[in-house]
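Letters A, B, C and D mark the chains in the order given here, with residues in each chain numbered from 1 onward.
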C-alpha cells in the first residue's frame, strides 16, 4: 500500500510537470498574469508601508512643550543675574515634579536663548524674521519626552490637565489637534490598507481562478477521457494543485524580483533624495511583509484552483 | 461586389458575436484581465496626475518677498506718525519701480502690523510664540506675484539681482533652493510617469496579447477546420479584431466605472479631508486623460490581437 | 455478468432504446448490431455509467449500476476496457503514453508499465510508432492505439465500439484474432459493429438492439 | 483534372508514397484503396495543399499545386469538397451551422444558405437533428453531417475519406446513391475506402496506391 502511495505521489508530480510542459503557452500566460497581480499587491504593500511609516513618524513625535511665565523684566545687570538664577530654581522645581510622572522619559529645559536657537533651527522659512527678534522676547520652555508605549489620548490629556494647574506655567502645548487628526488618518490608512489588500487578494484569487479555469477548459477534453478510463478525482486534481502551487511560487518570486529591481533603480537614481526633501524616508518590505504576501499569493493560487476545479468534478 | 462586401461585413460581426457567445468563459476572463490591467493604468494615471498636480502647486507659488529696512525706532507719537508716512512713501516708490518690470502681475505691501497678522495666519504652529512679540518688531514686506508664464529660473534670478541692488531693501526671499529642487522633482516625476505609463502600456499589450492568444489557442482547432474548407485569413482575422475591439472598449468602460466608484467612495467618506490637511487636493482624471487611456487601451487590444494572431496565419 | 432488464433510454423525450433486455455471461464473445443511430454506443456507455438509463435496471458484476456511488465509478471503469468509436486519445501524449495511461491511473509501477505496453503495441503492430503523437497517425493506426489502451489493463470485460471501422480486411482480421485470444484467456468481449464481414469472421452471438 | 506524376511523400525520411502517378478526369468516379497506413489520406490531403509532396508534381485544375500562392489556397479549397476521416466538425456549432459554413465563407447570402442546407440535410436524412450539436450525434450521423457540408457547396470535385466507415450497409447505400447523383450532375468523385462492399456497390475505377 505504501509503495503504491509513493508511486501515486511520484506520478502526480510527473503529471504536473508533464502538464506544465505540454501547455507552456498557457502556463506562461497564467504565470505572467499571476505575477502581474502579485506585483500590484507587493507594490501596494510597499506603498502602504511607506505611507504608514511616514504617518507613524508624526505619531512618534511624543513630546509636550511647556511655556513658563516670564518674570518681570528689569534692565539692570544684577537683576538680570538674579532673574536667571530665580528662573532656574523655578524650572528645576517643575522639572522634578514632572520627572515623577509615570511614562516620562526625558525632560529638557530651554532658557530664552536656547529656545531662540531652537526656533531658528526648526523654522528655517522664517529664520530671517526671527533673527531680528531679541532672544529675551522668547519664552522659556520645558520639553517633555514620553515613553512611546505610554502615549494615548487619555494619558496625554491627563498630563496636560495636571501641568496646567501648576504655578509658573503659562501654557502647555502638545498639538492636540494635530495628534487627533493624525491618529484619525492613521486609522483610516489602516482601514484603507486593509480594504485595498482585501480587494487585491480577492482580485488575485479571481485572477488565478480564471487562469487555472482556462487551463482546465483547455484540458477539459483530456480530463473527460481520463475519467472515462477510470481516473479518480484525486488523480486529476492533485497534479493540478501541484501545478498551480508551483505556478504561484514562481509568479511570486518573479514579481518580488521585479519589485526589488524597480526599487533599486529608484534608489540608484537617488529619487529617494527628492522624497527625503519632503521628510519621506522610503523603506523596502521587511521579510515579514514579504512572507505575508507570499502566504496570500499561495493561498490565492490554491483557492483559485479549488474554485475553478470544483465545477468539473 | 458591393452587396457581397456588405454580406461579408455583416458576417464578420455575426461571427464575432457568435464567438463571444460561444466562449463566454474565455471572454469574461479576457475582459476581466484587460479591465484589471486598464484599471491599474487608470489608477496610476490618477495617482500620477494628483502627484504632479501637487508638485505643480509648489511651482505655481510664483511670488517673491521683499523685506524693507526698518527706519530708526523713535518712541514719540509724532515721530511714529511721521515714520509711518515716510515708510509709505518709500514703499510706494519701490512698488512703482517693481510694477514696471515685465511679468509682474500684482504687488502687495504689508506694513509691520499686516505682516504680523500674515505671520500669525500662516504659521499656526508657532502662533503662541508670535503672539508674544510686538508687531513693531515685524518687518515691512512687499510681496510680488508674477504671471505664471513668465516664471523661469533665469527670469527670477534676474529680478532678484535687480531688487537686491535697490535702496531701502534689506533682502529678497524667493526660496531659490526650493524652486530648484521642485523643478528637478517635477522633471523626474514627468520621466517616471512616462516610464510607468510605457511599462503599463507594454504590460497591457502583453495582457491582451496573452488573453487573445489563449482564446485563439482554444479556437485553433476551429480555425484549422475553417481554413481547410476554404476560409481566407481575413474571414478568420477580422471577426477576431472586432471581438477584441469590443472587448477592449468594454474592459475600458468597466475599469473606468470601477475607478470612478472608488474615487467617489473616497470622496464620500471624506478621506480627501485628511489629504487636504497635508495641503493635497485630489482631482479626478480630466476627459482628455480618460481619452488618452482609452486610446492606449484600444491600441493595446488591437496590437495584442495583431501579435497573437500573426503566428497562426 | 452484464444484465439489462427492461431498459429504456431517451434524450429530450425521444426514446432511442425501448424495453431492451439481454444477458451477457462471463467469458462470452458478443456482437451488438443495429443501423446508424440505433443506440449501440448509448447501450455500451450505460455499462460504464457514462449514461444513465431512463427506466430499467442494469447489473454489471452483479451490482446495480444506476445505484452506484460516484466514488465507485473509477474502479468499475478500471475493470472494463472501452474502445471508443472516436478513439478518445490524448493528442499531446505519445502513442506509448496513451497506452500506458490506463496502467498509470491504477498506480502500476513504471517497469511493469513499460513491459506490458511494449507487448501490446507489438501485438497491434504499432511498436515502431510508439513515440509518435496521435495526430500524425492514420485513422486505422489511431484505432489500434485505442484498442491497445483498452487491452493493456487486462480488463475482465472489453467493450469495443466499431473497432474496425477504419481498418482494411487484413488488419481487421489481426485485431479480431487478438480479441479472440484475450477472450480465450477469460476476457468477456462486447463488440458493436455493422460490418457483416466482421460478424462472419467473429462467429459469435449477435444482439441486434433494434429487435428487442 | 487531377494529375499525380511521380509523386513521393515522406515523413521524417520514411517514404510513405513512392513514385505515385495517376490521372483523374473530369466527371469520373474513382475509388482509392490500400491497407491501413498505406497513404490514402495523405494522397488526398496533397490535392487540397494540406500536405506537400516531397518530390514530383501534382496538377489540379491544370495548375501546379506545389507552386500555388498561399493566398490562392482558400479559393482552390472552395472548389473541392472534402469529407475528412475524422469528420472535423465544429463542436460548438449546430448541425445546420456546420453545414452552412462552406457557403458562409464564400459569402453566399442568408436565404440561399437556408434553402441549400435544408435540401442537403433532408437528402442525408438529418433534417430532424439540424439544431443538435455534433457531440450529441451518433458516429454515423456525424459522418453524414461531414458529407453534407462537403456537398452543399456543389463542388466540382468531391474527395471523401472513408465516408462510410461508421455506417451500416443501408445507410451507406443511401450515401453512395447521393454521391452517384452528384457525380451524374458533373461532380468528380474521389473516394478512399477499404470496404470491399462499397467498392462493389460503386462499380467504378479503383486506384490501389500500394500498387503504383
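The working rule: contacts are C-beta pairs under 8 Å (C-beta built on N, C-alpha and C of every residue); 3 or more make two chains touch, one makes a residue touch a chain.
Computed from a predicted model, the values in this text were never measured in an experiment.
Return the chains common to the contact lists of subunit B and subunit D.
Looking at subunit D and subunit B together, no chain touches each of them.
With centres defined as the mean of C-alpha atoms, identify the chain lying farthest from subunit D.
A
At what distance in angstrom does the C-alpha mean of subunit C lie from that of subunit A?
The computed centroid separation for subunit A versus subunit C comes out at 64 Å.
Take the average of all CA coordinates in subunit B, do the same for subunit C, and state the distance between these two points in whole angstrom.
Roughly 69 Å separates the two chain centres.
Go ahead and note the Å separation of the Cα centroids belonging to subunit A and subunit B.
Each chain's C-alpha centroid was found; their separation is 26 Å.
By the touch rule stated above, which residues of subunit B touch at least two different other chains?
As it turns out, subunit B has no residue touching two or more other chains.
Counting only chain pairs that touch, give me the topology of the graph as line, ring, star, complete or other.
Shape = ring; chains linked end to end, path closes on itself.
Following the definition at the start, I'd like every touching pair of chains, please.
Touching chain pairs, listed by label, come out as A-B, A-C, B-D, C-D.
Within the complex, which stretch of subunit C touches subunit A?
Per the stated touch rule, the residues are 48, 50, 71, 74-78, 82, 84, 88-90, 92-93, 101-102, 104-109, 149.
Give the list of subunit A residues in touch with subunit B in this complex.
25-26, 28-29, 32-33, 36-37, 40, 67, 119, 123, 125-126, 128-129, 132-133, 137-139, 171, 173, 175, 181, 184-185, 188, 192, 203, 206-207, 210-211, 213-214, 217-218, 269, 271, 274, 277
Which positions of subunit C touch subunit D when the two form their complex?
11, 33-37, 40-41, 85-86, 136, 138-141, 144, 161-162, 165-171, 194, 196-197
In their shared complex, at which residues does subunit A touch subunit C?
Against subunit C, the touching part of subunit A is residues 3-4, 7-8, 11, 22-23, 222, 225-232, 235.
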